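Submitted below is the structure of interest, expressed as structure tokens.
So that you can tell them apart, the chains are marked A, B, C and D in the order they are listed, and the count of residues begins at 1 in each.
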Amino acid sequence: MTLTLAERVARTRLGPPSSWLRRNGAVVFVYLLVVVLYAVAASISPAFGRPENLAEILRQSIALGVVTIGQVYVLLGGGIDMSVGMTARVVGLGVAVTMGATTIPPILVIVLGLAVGAAIGLLNGVLITRIGATPFIVTLGMLGVLSGVALAITDGPTDVVPDFFFTMYDAAIGPVPIAVLVFLLIWAAAWFVLNRTTYGRNVYAVGGSADVARLSAINVHRTRTLTYVISGVCAAAAGIFLLSRSGVGDPGLGQGLEFSSIVAAAIGGISLYGGRGSIVGAFGAVLLVTMSSNIFDFLHVNGYFQQLVLGAIVLVGVSVYRTRGRQ
Amino acid sequence: MTLASPVSTESGSTEPLLELRNVSKAFGGVQALDRVNFTVLPGEIHALVGENGAGKSTLVKILAGAYVPDSGEVIVSGESHATLTPQRARAAGIAVVHQEFNLLSELTVAENVFLGMLPKGRLGAVSPEKAARLTTAILARLGSDLDPRRYVLQLSVVEQQLVEIAKALAGNARCIVMDEPSTVLSPEELKVLYAVLHRLRDEGRSIVYISHRLSEVFALSDRVTVFKDGRFVSSDNTVEMTEDELIRRMVGRPISELFPERVPSIGEPVLEVRNLTVPGKLFDVSVTVRRGEIVGLAGLGGSGRTTLARAVVGLEDVAAGQILLEGTRVPRSPGPCARAGVVMVPEDRKAHGIVAGRSVAANLSLPSLRRFSRAGVLSFKREQSMAARLIAQFGVRPASTRVSIHNLSGGNQQKVVLAKWFDTSPKAVVLDEPTRGVDVGAKSEIYAIIEDLSARGVGVLLASSDLTELLGVCDRIVVLREGRVAAELNRSDASEESILRAAVASGTSDEPEIAPQAPQSRTEKQ
Amino acid sequence: MTLSTAVDRSAAHRPPLAVQVVDWLSRYSAISTTVLLLIVAAIVTPTFYDETNLRTVAVQTSALGIVVLGQMVVLLVRGIDMSVSAVVAVTGVIATSAAGGGANIAISLAAAVGLALMVGLVNGLLITWRKVPPFIATFIMFIVVSGALLAYTKAQTSGSAPAWLRRVGSGSIAGVPLPTIIWIAMGLLLFGVLTRTIWGRYVYSVGANPEASRHAGVPVFAVTMSAYVLCALCALVGGLMYSGYSGYIDQNLGNNVNLNSIAAAIIGGVAFSGGRGGVLGAAVGALLLTVLTNMVVVAGLEIYWQLIAQGLVLIFAVAINGLRDRWIRDTA
Amino acid sequence: MVAALGLTGCAKEAGQESGGAKPEKVDGVSADLMADADVTVDTSKYKKDGPYTIAALTQGPFNGWGLTWDETVKYEASQNPDVGELLLLPSMGDADGQITSMENLVTQKPDAIMLNPQGRAALSASVSRAMAAGIPVIVCGNNVEGKKYVTYNDVDLYAVGYQAAAKLAERLGGKGNVILMHGIAGVDAAEAWKQAAEDAFAKYPDITIVGSEYANWSVATGKEKATALMAANPQIDGIWSGGSEMATGAMLAFDEAGKPQPAYGVDNPTNGFLRLAQEYGVEFDAFPDPPGTVAKACLETTLKVLKGEPVKKYEAIPAEGFNETNLDEHYVPELSDDFVGPLVLPMEAYIAAGLKRK
């Protein structure tokens, strides 16, 4: 069969398909950074290297980690979500205030909070897909609106939340907090959905090329809208978790999560143009960012230099490898 | 799995598989399709021909569900659809292989084949392994052993085309619409495609095959339909049709000569490529183009034609070797190259040729803005007059300087892309597939332009996958194979056979012999 | 049959009224919203037109407007600059170092320009050479530059702005504030440069299709670099106007400039995807944002209504633009 | 707003110790704090032998207030032989980062934590968790909900805001138009001061609050908002500013508009405010939130706790107000505008920290 000819040409030109390292360079590099940073810090400060600190780092990464999951979905689908931090704030404060003012059981309030997050995401998604407005600006406008809503909910500390929330944060099996286990499960689920369900693969397709996806009978609008809904729910979950972390609703809750989640996704190799990147890398990047601030505390990095050092780490994280731009 | 099962053909049934009745579609006052009728029978290869602007692409997009017709109906297997969505088209068994591939380069072959309908494994999870297995099976039916786990960005053009066809088969399409598949394929690869298409037809599927190349219409199709200016002209059995008649129906006039008369006057070397090496793509390649000479660059997809064309104007990272223009090294980027006197017309018009969203005048003047400006400040008057002159000279339609270039047809866009370099007075011009996706009428105009360039003493290097074109235009043909020069043939020695032999021959002896069975020699050349 | 076709065709020529309204609104959305706001102001809060307040609005618009000019050029080449805030903050350092006796104005200005150039160059290099997405590259620059500033100044930047800067920031010629004159001058210059020079053509061309521009001999690398450098320089000038007007340099100088400059440009019709937009739109965008911020204060709106109103205006502006784009796409 | 009202309604549940109760305000002071000032905490269970490892979680030196705080703690710790190691953890204003630092300290196990909380709400659970881990937490410079700490050391922030407003009202003879300017919406100090000022002015029926705006503790924003408020209100007699930055901006705005300066009531006057107040000769009443004094007192309390000496649940730090007549006693011309007085350390220590006027 003459077909083998074209194939032979292709093979000699491109070599074997095992360019795994090249495709996953960003992911490998991020984990390499995590390991190196960990080893260096542990050798300087023995307290840092203790296993309970490792569990602590994981727990500290939960809020950013969960928000980043949503952000990864949105970015892979070709969008961006600037409203995650304020979604977390509105939901966190809303849950806290509702807990103080009513006798609705905590679980129900939490479900309600997640639903509000979903609704915010849905609104973002509809504005972006149905009207065709730029995601960055729509979600930026949403950030403004939600920050106003948060202030309308409360401008001061709320009541102390019921014990249920403290248990959510503190409960542990041995040295491992249950919250960390749940967090790891959520990540596994996020990975599973992205890689092992039709919807997840459609997200990649839609982000890779909306036109191609549309012509392949994929419902582009629905797929994209759903990424914002997922992001809204994740942000809401992070807000509720942050509430359980502080025990009292704080009007400053969730500040800056939009930037840190986008940066984490980018360091982890998620393309800001959509359709490319692995959620595994984003997880590594979340660890990297969280660990950096943990290290500051153990090595007592001067306040003046913390931002500079963090900036430098991030800079190294994104610039050593050349991200392929949009074609 | 139903995928492997051939379409059941009810014996003796002549009920059309696909029928368009009185379909119209207009865009902002331009009638792209005007009450068109079109019928495809089961188990036939049906060629659809027509000049650019005839409405072929609009028809394809309607079949794909991308466009909603203004009026009329689409009947698939007796079921009428006022509009098709991509979902409905797929359900009705129509698959479209677009001219620009609808593949996601960041996904694997298997994922592309099953895009939006990945097979499920255990626990309802999609299974890449199962998708890969099924893809392997489909590809095997097409005679390919392509690894389904490879990423599309690693594939050659012909492999991508195969993936597109596999995608159609995965959806168990009964009617596969192919929009100008040949434009991206070398003749050798085309034969592979023909074999695949024949096999599909024998399974009882129908193929709608859209092409500019009349030779392949005759080589491949059972029936041929002609569109002109958005209207249906005729449908005939191919065997009852002659080439001249087909051209007459397409253009409304016979084209006596596609290629211009040529009396070359060849002078000193003007463009010299010496021992050029681009890592992984070109190895020690030397080509010389003389003043007034047209040198063809032949080779299969992936042989390095495009790499060489790009390298000349500094778009590739050169590891070794030199590129000389009149004895001096050329600069390493397109702008300075153009000022030095060597320009390149890229193969991918949409991505590299036109600046969509900008006017025709802005596109025309882009490479030569310095000439319309003093101290960086532009003179609109001079720019407009230059643009108007080029538009007239190259017959760009519509003859407006201000219209956005993406509103022009492919052929007219290509004329603009060529014309913008014309006024920079180049000494050497590199053309990469200058007539890809261009209709017969525009083709002939472009050949005339090339001829005119060489008559003015410009050295032309013409990279093309169209052997007829190379043989019709070139004084000398350099054949590349796997990034090396395989042969250099003078006009007198060159034939489709000799070019192909050079393009595919290999040092290894177990290479299958390629029968140099060129498409039927009913070429336009007299 | 022929008749119906003729009717169809004429219908195709003239889009429905709703579409026309949307098209008109979007083309002039920033201007019409601004005019609307100004009318509302005249009815609800006539004190908006107090002379001092108008002056403040003018100066604020000008300072933001100057930064928006740079941001617009970056957006035109398909970029975004999240580091302008840091550059605006740099001016605080320069101004205070010049304010304390002895330090030479020329030297500190040169240092400021040098720093802005460096920020622009590094931004450009990260984006063109390392292929880091513009959002990330410039955001990292923001973190690094403001971090470096903090490490250098040890948070000691406050103080009165030097006299020369205050004169620039609060002076006026024939009743028009100097910053406004500088803004209009820069705007006109940029307008001329964008529409009438080679560089301007290159900017639009690179934004519309960088690859095709490269093939056509456009020095894409240089154009992109120059856009980021220009943006940093505009941010520097804008920052000087901010501190000159305030008369005082404070820690929080330029806090909101990043998002405000982007929002103003987008509201003014500059396409997020590059290649489309102009000086006039960007100017109106800056005006709209400033008027809105000022008006909610004059009107005495509660803080949360202020934030909500600003967010809604932003969403409205892009929604209108989105509808128009969709309509153009559907009829193309 | 409805939600917020609902909160204050249910805030006054019977004084159970488990938090949730809002600090109650009576006549310009926080009643519950005053009550805590009489509660003696037995610290014998924290008693240890020195030298101690003390962790200080601070706001961080991103402005003059934070810098003055950090430098005071560092200097005092270096002078005190009881302090073996000082772990200074600046949060750079990030409440979430500070929670993280608290969690990290639970792992590092210092002898005591002195915390300048970045959020009265945000740090609430962290304090409980550190205390539960057996590390005494001494809160200073801003309160924490729930009172799970050993002791709280601070000026009465509410009183600071209240007195600045009351003094201004009296200066205006109990009548006139005032505008209020606040820091960042939702941030504790801004909201506490805002509430205090509103309470204080409510006592003067002839005083009208004609404008109330947030200006993010920024001079430039303060000037912008002041100009807009001037436009809306031709007659402004007094300006109350929760943090002196907005007052500074307002002074500049009035100066530029060529209008006579109104009277000012400010919280936490910076050196820069005092310099300009002197230059423009404005009338003002200022009540400090002094970083040096609080930090120094806090370190002393921390050492007391570690030595097992009894402390009060609330260690009140007096905040003496002052005005234009004794401005000279508070303005420090040698130091930069960002310095926040009063002087606690020798001048050389401030200059070494980079606070010298340039």
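FYI, a contact is a pair of C-beta atoms (placed from the backbone, for glycine too) under 8 Å apart; a residue touches a chain by one contact, two chains touch by 3 or more.
None of these values were measured; they are calculated from a predicted model.
Asker: By mean C-alpha position, what chain is farthest away from chain B?
Answerer: D
Asker: Determine the centre-to-centre distance between chain B and chain C, using the mean Cα coordinates as centres, and give it in whole Å.
Answerer: 43
Asker: Please work out the Cα centroid separation of chain B and chain D, and write it as a whole number of Å.
Answerer: Roughly 72 Å separates the two chain centres.
Asker: Between chain A and chain C, what is the gap in Å from one C-alpha centre to the other?
Answerer: One centre to the other, that is 29 Å.
Asker: Could you say which residues in chain A touch two or more other chains, in rising order?
Answerer: Touching at least two other chains: 150-152, 304, 306-307.
Asker: In chain B, what residues contact two or more other chains?
Answerer: 351
Asker: So which bits of chain C are touching at least two other chains?
Answerer: In chain C, the residues touching two or more other chains are 150, 154-155, 303-304.
Asker: Run through the chains and report each pair that touches.
Answerer: Pairwise, the chains that meet the contact rule are A-B, A-C, A-D, B-C, C-D.
Asker: Spell out the part of chain B that touches chain C in their complex, as residue ranges.
Answerer: The contact residues of chain B facing chain C are 24, 26-29, 31, 34, 70-71, 315, 333-339, 343-344, 346, 351-358, 362-363, 365-367, 369-370, 373, 376-378, 380, 406-407, 420.
Asker: Can you tell me which positions in chain A touch chain C when the two form their complex?
Answerer: 80, 127, 131-134, 136-138, 140-152, 259, 262-263, 266, 271-273, 304-312, 314-315, 318-319, 322-325
Asker: Where on chain C does chain B make contact in their complex?
Answerer: 5, 8-9, 12-13, 196-199, 201-202, 204-205, 208-209, 211-219, 275-276, 331-332
Asker: Spell out the part of chain C that touches chain A in their complex, as residue ranges.
Answerer: Chain C reaches chain A through residues 126, 130-133, 135-137, 139-140, 143-144, 146-148, 150-151, 154-155, 259, 262-263, 266, 272, 302-315, 317-319, 321-323, 325-326.
Asker: Quick check: in the complex, which residue numbers of chain C touch chain D?
Answerer: 45, 47-48, 50, 52-53, 55-56, 60, 96-97, 99-100, 150, 154-160, 170, 242-243, 245-253, 255, 293-294, 297-300, 303-304
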